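Next come two complexes built around subunit A: one with subunit B, the other with subunit C.
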Partner chain A sequence: MKKVVFAFLFLFSSFPIFSQGILGGRVTGNFQMDFQASRQDSVIGAEKINEKVLMNAFTNILYTNGDFTMGMRFEAYLNPILGFDKQYKGAGLAYRFASYKKDFLEITAGNYYEQFGNGLIFRSYEERNLGLDNAMDGLRIVARPFEGVAIKGIIGKQRYYWEDIWASDDFGLVRGLDAEISLNSLIKKMNNSPLQLILGGSFVSVYNKQDDRFVIDPISGDSYKMNMPENIGSAAARVAISYKAFNLNAEYAKKGEDPNAVNGYIFRKGEAAYITAGYSVKGFGVNVAAKRIDNMSFKSRRSETGNMLNVNYLPALTAQHTYSLFAMYPYATQVNGEMGIQADIMYKIKKKTFLGGKYGMDLKLNYSRATSLDKNMVNKNPAGNYEGTLGYESSFFKMGDELYFEEINFEVNKKLSNNYKLLLMYSYQTFNPIAIGHYGEEFVYANVFAADLTQKIGKRNSLRYELQLLFTEQNYGSWALGNWLQATMEFNLKGNFFASATDQWNYGNKVGEKVHYYNFSIGYTIGTTRIQLSYGKQREGIICIGGVCRMVPASNGLFATITSSF
Partner chain B sequence: MKRSFLFFALFVFCFSFLYSQDEKQNAKLPSVVVKTLDQKQINSNEFSNDGKPFVVCFWATWCKPCLAELSAMAELYSSLQEETGIKIYAVSIDDARTVSKVKPLINSRDWEFEVILDENSELRRAMGVNNPPHTFIIGSNGEILWQHVGYAVGDEEAMIEEYKKIAKEK
Partner chain C sequence: MKINMKENIKSILCSIVLISLMVFLSCDNIEEDNFLVYPKGQTSQSTPITKNTSKQRILLEDYTGWKCTNCPRAAQKAAELITKYGEELVVMAVHSTSWATPSAANNNLDFRTEYGEKWADKFSCTALPTGLISRINSSGTFTNSDATWDNKIQEALSLKEHIMDINLGVELKEDNKVLVSTENVFLKPVSYPTLISIMIVESGIKGVQLNGDATFGAVPKIEDYTFNHVLRKNALIDYSLSSNGVESGTTISKNYILDIDNDIKDIENCEVIVFVSNSQTSEIVQVNHIEIQ
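So, the complex of A and B:
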């Protein structure tokens, strides 16, 4: 605690110096504070909280002076708001770094975020609203010796809540190297070629200390010690090609033996392939994507499950929805194995045509499907499971029989007149609860609709009306029970003030009470500061960003947020 | 714990106060390597507009208010460009999951902004952006002269007014 106070005093006393410019540098940053007060509500499953108010807060402060940058982030979770891991409880400097650029080199000491290629073997990032942060702590060097060439080297350990990661051997050391070359920048002849070619490759290895793990034959009592690898290596190669209206992006990654808690301690090597291809011209765009993920959980601690200590990032190939009923059934990448495809078609109907009208009309079609891998299991070990074995065999191009998730959705965006804009959206989803770890439950099939109308009133005021409907015969979990209707009305005044009222109504609930999850919000924005106050009920559910999900428990009460940048 | 919370609140408060007192010291556009739509690397300190101020706007394909903002700005863009010489850098923070949708979206909507890919949110962090949309007006010398978070209908007009004012001063 004393340390925190000192850090404050230090920061505090140094502000006047910075802001007066004596040191010639500049200070920027941001902060966010969330407050939550929730009371017990047995109908919706909101549990009793011992604290009157829960709070999450952070502030980033960056100091830049020429080629030198220094920054820190103070975080406080007193106590963490609902849905955040309790292990976040506490306060302190969670992130601090200094970095210097000289000629073609950039050196960062302390914490940093970084990504190699698509992140299949390495991505360090944060998703603040999910409580996800796998910031590296260590050293990073980036070299750009020629135009079009970037070489990155990283070493360090990953954040684990407030744990002193360097004090314990429990947290693995992550090392990596990445190179990317743009042939068009490097080779003079190709400078103006319409064919753009970028190549990249990376290596990442994690050192985990040896820990003993045994397979015990329950009949004979014999025990077999697993030969745990201390170093887990991985490599990836990628290419990005663009030619006129076409573009292609492909990456293939391979990971060495990595028996761990997520894959059930099997010794099969990991593999991932991710390819996207697009074609787009004025008024029309297509994008298709495919991926194969095979035993690719990559963490810097063998025994870790859950969202922390991820070394890599495996994007989900499904639409990322913002309307809440469309996001009722979430999908997250199955790191142990999945095949996925996705296609997007976007088209603009021109102005002054029958359908396009005065302003034109934007159409969007999206399809996605994720299935299991085609797996042939190997023989079990003497204990009757697959620990210590190669697990399974699988052919690269074959999709498995089990569907995890499938969706088709269609969106229309149309400006009706100077004052009205309309968005219509429809989605048909098939959701297999196995995708979020719930076995033996039936598939959910849902039709979801949304209509969103914005009305401009005068120059700077507007009203927004939103209606969402979800129809399903199935019940899932303790919240996705039958049909839903959601209506929202939002008023914006002069771009500063807003007020909104929402009712999410589980009118088709045949199991329990047909709950109205109402919510009232008001907010005020001035420049870069935004204050928002909400009161109402929040249904239990799962929110997902970028393919990573977090369970949000039900709550009933007040929520306040302040964000600002400076 | 309570004490550290108090300190935190006090600190944030005083800091924003102190800083807002000092208007001469504008922060500069940071130097971060991001990518163009063709995956070519570009340093953010190379963003420029022939000696005129320009706009940097953070957005994502999954962010509804961002799309509303960009589409409102797109309607005015070409006539505004003729009138004022404005240039808008639309910085997408889409990550590996959705970044491949950026190009078809931009082209299909026929948006003419300079599109930048900030796949791991490096520029976003360096510019203190909490959530998209977040819009900046950058002076010809790279100084951040104005910024705004969120989008409400009509915000684009306010931004344009501000841009014209800044362009005139220079």
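So, the complex of A and C:
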């Protein structure tokens, strides 16, 4: 690590030698600090915090001078707030880079985030709410030799909390290449064509050193060493087509043999297909999407099972909800295998019609479904399981019998008058707990309603009333027992002050106490700085963003956030 | 300018192809047979099971040697017992001790094996001919004179508990190897560790045998004596089948690959013998044999 920091400082300190006017550049940045103080609460399962106060903080500082950019992010987890991995504990420079553009090249040294296509074989990104950061550390070159042609090359290792990734061969080396061609930009005749065509292809390979892993026959005691592939390759091809109101985006990816802890150390090759199609005109839009994911966990360490060291990203095809009761049963992408479909229809009822009234009305319908793959297990190993075997066979177009998640939701958004705006939402969800790793639990069937009324008071003030209801006969987990009701009132003053009160009430709990999860918040914004303070109870649950999830433990106490940018 | 553009495109496309090839090739592809590195002698390949056992079988190990003048008598006895007991009896001729040491007098025909010598030593087979009946230790001794073999086999068949069956499949491979698939079905629980041994025996080998009894051929030596059930080299001996107890109903399937002994005269005259033994007492729990097709 020291060597890397030294090299980085050297790079920066030597830069003025070949660059003029570096001090005439521009410095920008932002800052966020979260404090949490929570007390023990046995009713909701909140555990005692020995430190009394926990804190997560980071600041980004970016220096730009012409075609040269350098930046850093300092992070501090002293100690990590609840729900964040304890391995984040500590402080330091988590991200630093320098990049410059010259002719048709853009070169980045140090940390970077990057994505090839839809991310099926490579996506390096940060999702702070999930505690996920798989930033690359190495080199990236982007070449744009002609208009419409972009070629990206990457090499490096991925961040793993504060570990010195360069000191150990446990962390794999990621190499990749991506090329994307916009035919409309490249070919003169197609410049003004209504048919827009973009083609792309990627290759990514991870070097994971051979490690000793054995299959032990429990009866004979014989041990069978697994012959691990050290270079795990993957390739993807994609196309994006748009013609007037239509658009189509499709990508297919294939991954080589990659026995790992997530797939149970099977040698079956991975495969992913993702397709979206849409039609959109004024007042009407429809989007349909489908995907198949088959053994596509791709990490730069084969023993890793959490959210870290993901080389790729597998998008979820379910609605992303902002209303908390709608998101109580979230869907986690099944990297070992799933098939999913989603359809969205948006329709705007015109003004001055019977239903549209004076201001019109927006309608949205969403349907999504995710099921297992149709799997036929093949030969077992001498120990009687599937480690070190091909695992299974699966027909590409055939869905499995097991439903993971299904939802239909409907949303109506209507401006009632100059001062009132109403949103109504309904969702019916079928949730299989197996999708978040809980085997043997019963399915959850939930009806969820929301009504959100915003009342404008004067020119810049508003009051918002929100009511949510969740009805279910099932009692899943300690955080989702029976029926729920949530009421919120929020006051906004001149756009820079707000105060809100929320009560999330588990009134249908048939097992334990009918807990009120109340929460009071106030926030104030001055320029680019915002301060927010909350006090209340947070129920235990799961948060999922883009199909990637983490557990959120229960808490009872204060939460403060300061954000700022310059 | 156009030429430059074309040249640039050409070089960039070449670069893309080369780099893509490099990245694509940096992908290890392991053949299914090599996913697991099997212990020596074992393999992931298998061949269909064609020979089952459904009752208890007995292994007669005939310890013999070409210099042993009474051994033709014992061999004759073994042949008679095969006729009598049929599939219930499996015979293996173990040429061992100094009685089997080759010399110019027998044209240096050597049937000895490393494990045959060890067994002879372990079970005290020094005075030949002698035989082991499923390696049953009877009153402190394993060996039995050929005169008692019939009685001992009868006794073993009536007293020995039918604990397991060994079902076999065999396939001659092109690379001078024999693939043996075993399906070991435990009919009763077993509390001791068990070992499995797989070997090839050959019949119909002509050679010199000393003889002291004219009933069995020329005396003092038979020039064109036929040796049967000769234990050959490259066997897999005492591989672990179960390291602890095994429950009733358990089936353990294992596949073995044997190198064919270069001394074998005719593979079509060979058969594979597989036996499972109690690792604590050495007694053979079950045995089966199958011809190599």
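To be clear about the criterion, the second predicted complex is superposed on the first by the 544 of 566 C-alpha atoms of A that agree within 3 Å, B and C clash if a C-alpha of one lies under 4 Å from a C-alpha of the other, contacts with A are read in each partner's own complex, and residues count from 1 in each chain.
As a convention for this text, contacts are C-beta pairs under 8 Å (C-beta built on N, C-alpha and C of every residue); 3 or more make two chains touch, one makes a residue touch a chain.
Note that this is a predicted model, so its numbers are computed, not measured.
**Q** Could you tell me whether subunit B and subunit C fit or clash when both sit on subunit A in the superposition?
**A** Overlaying the two structures gives subunit B and subunit C room side by side.
**Q** Looking at A:A253 after the superposition, I want to know if it touches subunit B, subunit C, both of them or none. Which is it: first, second, both, neither?
**A** Neither subunit B nor subunit C is touched by A:A253.
**Q** Go through the superposed model and pick first if A:L177 touches only subunit B, second if only subunit C, both, or neither.
**A** Once the two structures are laid over each other on A, A:L177 reaches subunit C alone.
**Q** Is A:N492 contacted by the first partner subunit B, the second partner subunit C, both or neither?
**A** first
**Q** Tell me which partner A:M328 touches in the superposition: subunit B (first), subunit C (second), both or neither.
**A** A:M328 contacts neither subunit B nor subunit C.
**Q** Identify the partner contact of A:V215: answer first if only subunit B is touched, second if only subunit C is, both if each is, neither if none is.
**A** A:V215 sits against subunit C, while subunit B stays out of touch.
**Q** Hey, is it subunit B or subunit C that touches more of subunit A?
**A** The larger set of subunit A residues in touch belongs to B.
**Q** Does subunit B (first) or subunit C (second) touch A:Y224, or do both, or does neither?
**A** Touch status of A:Y224: second partner only.
**Q** Which angle, in steps of 10°, is spanned at subunit A by subunit B and subunit C when each chain is reduced to its C-alpha centre?
**A** Approximately 150 degrees at the subunit A centre.
**Q** So if I take every C-alpha atom in subunit B and every one in subunit C after superposing, what is the smallest distance between them in Å?
**A** 20
**Q** If I apply the document's touch criterion, which positions on subunit A are contacted by subunit B in one structure and by subunit C in the other?
**A** In subunit A, no position sits in both the subunit B and subunit C interfaces.
**Q** Where on subunit A does subunit C make contact in their complex?
**A** 143, 145-146, 149, 151, 153, 175-177, 179, 201, 203-205, 207, 215, 219-227, 229-235, 256-257, 259, 267, 381-382, 388-390
**Q** What does subunit C use to touch subunit A in their complex?
**A** 8-9, 12, 16, 19-20, 23-24, 26-30, 32, 34-39, 42, 239-244, 246, 250, 252, 254
**Q** If we count contacts the way the header does, which residues on subunit B are in touch with subunit A in the complex?
**A** Result: residues 1-5, 7-9, 11-12, 14-16, 18-22, 24-28, 30-31, 33, 38-41, 61-64, 68, 71, 95-98, 100-101, 103-110, 119-122, 125-131, 134, 147-150, 152-155, 157-158 of subunit B touch subunit A.
**Q** Can you name the residues of subunit A that touch subunit B in the complex?
**A** Result: residues 1, 4-5, 8, 11-12, 15-16, 19-21, 26-33, 55, 57, 59-62, 64, 69, 74, 76, 78, 90-91, 101, 113-115, 118-119, 123, 125-126, 142, 144, 148, 150, 180, 182, 184-185, 196, 198, 240, 242, 247, 249, 274, 276, 278-287, 289, 313, 315-317, 320-322, 344, 346-348, 362, 413, 421, 454, 456, 459-462, 492, 495, 498, 525, 527-530, 546-547, 563-566 of subunit A touch subunit B.
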